[in-house]
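Listed after this line are the structures, all set down as structure tokens.
What follows is a pair of complexes built around chain A, which joins chain B in one and chain C in the other.
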Partner chain A sequence: MSDPRPVPVKASVSRRRFLTVAGAGVTTSALLTMLDARQAPAQIRGTTLRILQWSHFIPAYDAWFDSKFTKEWGDKNGVKVRVDHIPHLELPARMAAEFAAGAGHDIIMNASSILTRLYYRSLVDLSDIYSQGGKNHGGWIPAAGPLVEVEGKHYGIPMFYILLPMLYRKDLFDANGLKAPDTWELARVAARTLKPKGHPTGIQFSQCADANLNWRSLLFSFGGAEADPSGENILIDSKEMREALRFAKALFDEGMTPEVFSWDDASDNRFLASGIGSWIHDAISAYRTTEDTNPDVFKNTHIGLEPAGPGGKRVSVSSANVYMIWKFSKNQPAAKEFLAHFMDSGKEGMTQSRGYNMPYLLADAQKPMPVIGADPKMQILQDFPKIVAFYGYPGPFTTPIQEVVNLFVLPDMFTRVARGQAIEDVMKWGVGEYRRIFAKHKRA
Partner chain B sequence: MATQRTTRQKETRRHLLIYAGLTPFVLIAVFPIYWMLITAFKQEPDLYRMGNIPFWFNLPPTLKNFSILFYQTHFGDWIINTMTISAWVALITLLTAVPAGYALARLRLPGAENIGIAIFMTYLVPGIILFLPLSRVVATLGLQDSWWALVLVYPTFTIPFCTWLMMGFFKTVPMEMEEAARVDGCGQLGAFLRVVLPVSVPGVLTSVIFAFTLSMQDFLYGLAFVSPGDQKPVPVGVPTELIRGDVYFWGSLMGAALLVGLPVAVLYNFFLDRFIQGITGGVVK
Partner chain C sequence: MTTASLRGGPEPTARAAVVSAPAPTAERAWWGTHSAQRKIFGYTLLAPAALYVLLLVGAPFLFSLWLAVSDANVGDPVARFIGLENFRAAWEMDTFWIAMRNSVVFLVVAAIFKSLLGTSLAFLLLQNFRGKKLIRGLVVIPFTLPIAISVLSWKWMYDSQFSVINWVLSRLGLIGTYGSDSWPIWLGQPHLALAACIAVNVWRTFPFSAIVLLAGFTSVPLEVIDAAKVDGCSFFQRFRHVVVPMIFPILMIGLLFDTVFTLSDLSVVYLLTQGGPGNASKILPVLAYQIGIQAGNLGRGAAIALFLVPLLLPALFLVLRNLKRREY
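Let's look at the complex of A and B:
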């Protein structure tokens, strides 16, 4: 006969353990709910958040970001947000000063020079919001992760990048029976044809940011590479690099004038606006500004996809933008909340930037994209997310690559060839510089 | 009568030759200012079109560039900040460099010459090396992102230069003047204040002008230590808001340069004779 009394069951969970597990569960679900509803935790209320970033190409974007976007988020979450701006080329100097001082802004932006790997030990691990952002928006484009990933963690959030497409004068091309510059060879033929008619082309053979971007686009589209996917090994010593140098020399001889040796980032803008340039390879600011400065040029300038190299490959090296949080920030929770919110507002950012801000998040890169999807001339820009790359391609944007970029080694190689040095001599010099820089960082 | 005419003709010819020789130099010196002036009043399309004559207005002049400057940027704040910072720095420099220069030049301190050289050598240390350690000092004092940070750091380069300048100047004042004052009953301080300082006014003015203009033209420290828009000095504020990526607001940039550069040029002209006297005063003893 069985005993009718209830059998005492030995408790497998202690009261302490129960409270711990239950507490963690409640906290996690609350956090997940907050993340899902984008509601900030109460602890950030009454705090101040300081953000440092560049001055955007579009003044109205800064006005929106400073006075509306951040303010609305701040009002909603009880956070006072202050946004400061400095010129984009000076961000590394300011970052160095804040690092040395151990004080400064909570969130700092990098533009073009991405210093995440240099400072990652002093930056907050943002892997959680990076992953969440990817999940919420269909994942990241492949080139995004290597910008901010160090030892398996993400120390920054890539927010947007700036493209440098082909901008060409369709009226001049049509009048001379030229095909659109869909390949580098067609671009060269156009330059060779139009230069004698008073419409040369131009790419910076000088030490400036555009030269770093443009010559890499050419090199990578020619099948060349800078470093392997590990970022450890230099791949610049290749026949594709030699081909690219040979091509650039021919392009200069046949289609450019010597003024390109003194060009800065804004020179090609002026060149196009003057009505002289037949094509340039630059950010859409060069095209946009002609709307005011030379409406005829604006009307006749068209935008092309990155020209293909001899093997049909297209790689567009773009100017990356990344946001990071300092470890010394006294307001890390608010900073993370804000960046998560910023990630979720990519499309609004595209609209406010008039199509400058290109998305790293795949859902935001779906056609039709805001602004550019509705503009017949700019629709082609929607195809760039498939071919976009950054410095170091196909490797990551490592610290030695950053130094190579800052010392303008690659543009200097192209410039030396254009000025008449033998390709093998230039290769010897350039590869030597790469090796020296990589070896120095390896030792460090 | 004929002799008089010949003399006058010779004099005129001499002047004509002098001015003819000077004209190319004046043109070279004045051209950038002229370019700045007309660009500041030009419309955007007038700047870019190749068919236009660049040396004059092809479209009607405009005040739009100044309107952008004053209504769409913090230019007014930047001007006030720059002037206030420069005035403070000039004052601090004067209060430090004048007594330091006097002590090193006149008090026969052991090793004064070497100390003077050492002080000047610190002026030669570039800001690109100093801004990192200084940023720690600025943050520790809680001055980051306030223009007071610049009042703190600018004297690091104005004081050494002006001390050296004042040393040279004080050396030119005859010792006998000071001794005579002492004989007449002045103490060391009285002789300095009543005799040496009044005859050293050109040197003091030169120091003020140098301290003022050196403070006005710094970029790196301003960039490293001050980022809020309303706290910036002109050299940092102008490129921040008027150079956006590869888009340059040329008209407003030139307008800003003109508005800041002209008063300084006028100031220099007012004190030109004394400035030259101050600069060259130290070369002879």
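Let's look at the complex of A and C:
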């Protein structure tokens, strides 16, 4: 018979272990509660957070960001937030200066020129909030990761990107029996038809950010590519590239005037707003400018999906925007907290930017999106997240690609062809430039 | 020499004893000598200026030399010595040679126009007229305006569609209407783009040339000019043979400043064209900035920027040699 008395069991949990486990449990639950309630840890209270970013193309967005969004977050968390704005083209120089000095802002924005791979050794690993953001918001669009990922870690948070759709004058198209510019060929036919009637088209054949974006959209929609998915090998020397150059030359000859050689990023906005332009391929700031300056033209300006190339492919190269935290920042906890909060406020950002900011997070990209989902003419923009790409497509935005972009090699190839140079001569020059830059970075 | 020797008599014997006696004082250290102390005092006075030049000019120059022979980039604090690789790579770039050629054209054409306009303006400002002081103050406005603002205004004046210059020319019947072949695209046609950049550089800095020349002209004594007039010298003879030799050092210093300002003028070209269309207006400072800062390749950018030195050296040599000659 067995002894019915309970067998004394030796306690497997010591007092010390109990206290350790209990302490960790309390801390974890407190952290989870704070994260859930988006409440910052006490250590960031009384600190100052300095943010450097561009001057947004929608001034009202900056007013909201500076005096409401950051202020409310700062008041709630006891952090004093200071936001500095500079033109987006000056951000790389400022970043270089802050890196050299080892001092400056806590958070720095990259606009269009994404410098993650250049500076990642000096940036804070943000993989935790990147992953958490993806989990909370249904994941990221595929093009987001390569912007900030180096050796498996994420050194930045992609916040929003800027689309460059087709903006066309529907009244002129209708009056001349033209179809909407749903393909590059239809856009060319429209340009050829409307230029003699005083309504040419225009895309920058110059050294500006839009030229880098627009000509890549055309090239990639024609089936071309810049680098392979590893980012190591150049794919520019292709028949698709030659075809795109040939098309661009014809588009220029038939539908544009030489003024496109002098255009900057805002020239096409003015061109459309003046009532002269029949269509442009630009960010919706052009649409908004027209709304403010020429209501009659605005009424007849419609937005189209990225035109398809000869094979029906659509790739929309967009202007990426990413936020990063310097390793030298003395306020990294506050900076991370702020970026997590900013990431969670994507929809509010879209509203305040009047539909200009487009989301990388899939939940934010669900229809109907704020502003653009409610505007019949802008609803088409909701279909872009599927076809968005960035520099280097289909490869990532690597350091050599960054140099190619900053030296305007690709737009210069299109410009040379438009000016009358033979396509093979231009290919020889352009491919040579790509090879030289890639080889240099490989050596380094 | 003693009074006795002066008179021709024998030297007193006591004199020889005094001369042959050993020196009573201990040997003085070299820095204790009068001449050494004078030298030390002189170098001490010179030291702040030398230190100033060394820190503000020498150190950055040496640093840029180091960058040019290293693989430094903006994101990596550690750079390796790579010899003349950056210079070789720049040498092999098409764009570098275009930028070099444009820099020389930019420098020479701008210098010619600045000399002509600066001299004319200086002569005009030398005349007596009402409001002379006010006008002298106003002419330096282009030079003192923030460059971003003034260049932005020019950008609008050169706009392909809304250019006020084109609209005036069109109204005067000198060119066709907007969209016609004769409508100039100032920043879009290669030769016009470079010319447009040069024009803005000249507009900004020729008042500086004028002020430098004016300072020189006012330092020439009127008596000398009057004497030349009495001798029958024409205006140009007086200018060539009297005024220019007298203000030559000022002219040389003005030339040196102007050369440096023009060659290193990044802002005008960068803000107007970014070096386009298709590198037609690219100059070395813009290329160095794009490669060194925007593309993050500090070593290569520094090497390209250092190619400005051979362009500056002839001007520097000419100026210093002429100034040196005039000292004797």
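Going forward, the second predicted complex is superposed on the first by the 414 of 444 C-alpha atoms of A that agree within 3 Å, B and C clash if a C-alpha of one lies under 4 Å from a C-alpha of the other, contacts with A are read in each partner's own complex, and residues count from 1 in each chain.
Criterion: contacts are C-beta pairs under 8 Å (C-beta built on N, C-alpha and C of every residue); 3 or more make two chains touch, one makes a residue touch a chain.
Nothing here was measured: the structure is a model prediction, and the numbers come from that model.
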Requested in this report: Identify whether chain B and chain C fit side by side or clash on chain A in the overlaid structures.
Outcome: clash
Query raised in the report: Of the partners chain B and chain C, which touch A:Thr70 in the superposed model: first, second, both, neither?
Result: neither
Query raised in the report: Between chain B (first) and chain C (second), which does A:Ile276 come into contact with in this model arrangement: first, second, both, or neither?
Result: both
Requested in this report: Once the structures are superposed on A, label A:Ala93 by its partner contacts, choosing first (chain B), second (chain C), both or neither.
Outcome: both
Report task. State whether A:Thr301 touches chain B only (first), chain C only (second), both chains, or neither. Result -> neither
Query raised in the report: Taking the superposition as given, does A:Thr201 touch the first partner, chain B, the second, chain C, both, or neither?
Result: neither
Query raised in the report: In the superposed arrangement, does A:Asp210 touch chain B (first), chain C (second), both or neither?
Result: first
Report task. Have a look at where A:Ser113 lands relative to chain B and chain C in the superposition and call it first, second, both or neither. Result -> second
Report task. Considering only the touch criterion stated at the top, classify A:Asp265 as touching first (chain B), second (chain C), both, or neither. Result -> first
**Report entry** Listed stretches 21-29, 75-83, 111-119 or 129-137 of chain C, narrowed to the one that overlaps chain B
**Finding:** 129-137
Query raised in the report: Which chain A residues lie in the overlap of the chain B contact set and the chain C contact set?
Result: 93, 96, 100, 270, 274, 276
Query - Interface residues, chain A side, partner chain B - complex - result: 52, 54-59, 82, 84-88, 90, 93-94, 96-98, 100-105, 162, 210, 265-266, 268-270, 273-276, 282-283, 285-286, 289, 292-294
**Report entry** chain B residues within the chain A interface of the complex
**Finding:** 44-45, 47-50, 72, 131-133, 135-136, 138-139, 144-145, 220, 223-225, 227-229, 236, 239-241, 243-248
Query raised in the report: Which bits of chain C are touching chain A when the two form their complex?
Result: 71, 73-77, 89, 92-95, 155, 158-162, 179, 185-189, 193, 273-279, 289-291, 293-298, 300
Query raised in the report: What residues on chain A touch chain C, complex-wise?
Result: 92-93, 95-96, 99-100, 113, 115, 117-122, 198, 200, 205-208, 257-264, 267, 270-271, 274, 276, 399, 402-403, 406-408, 412, 415-416, 419, 429, 433, 436, 440, 444
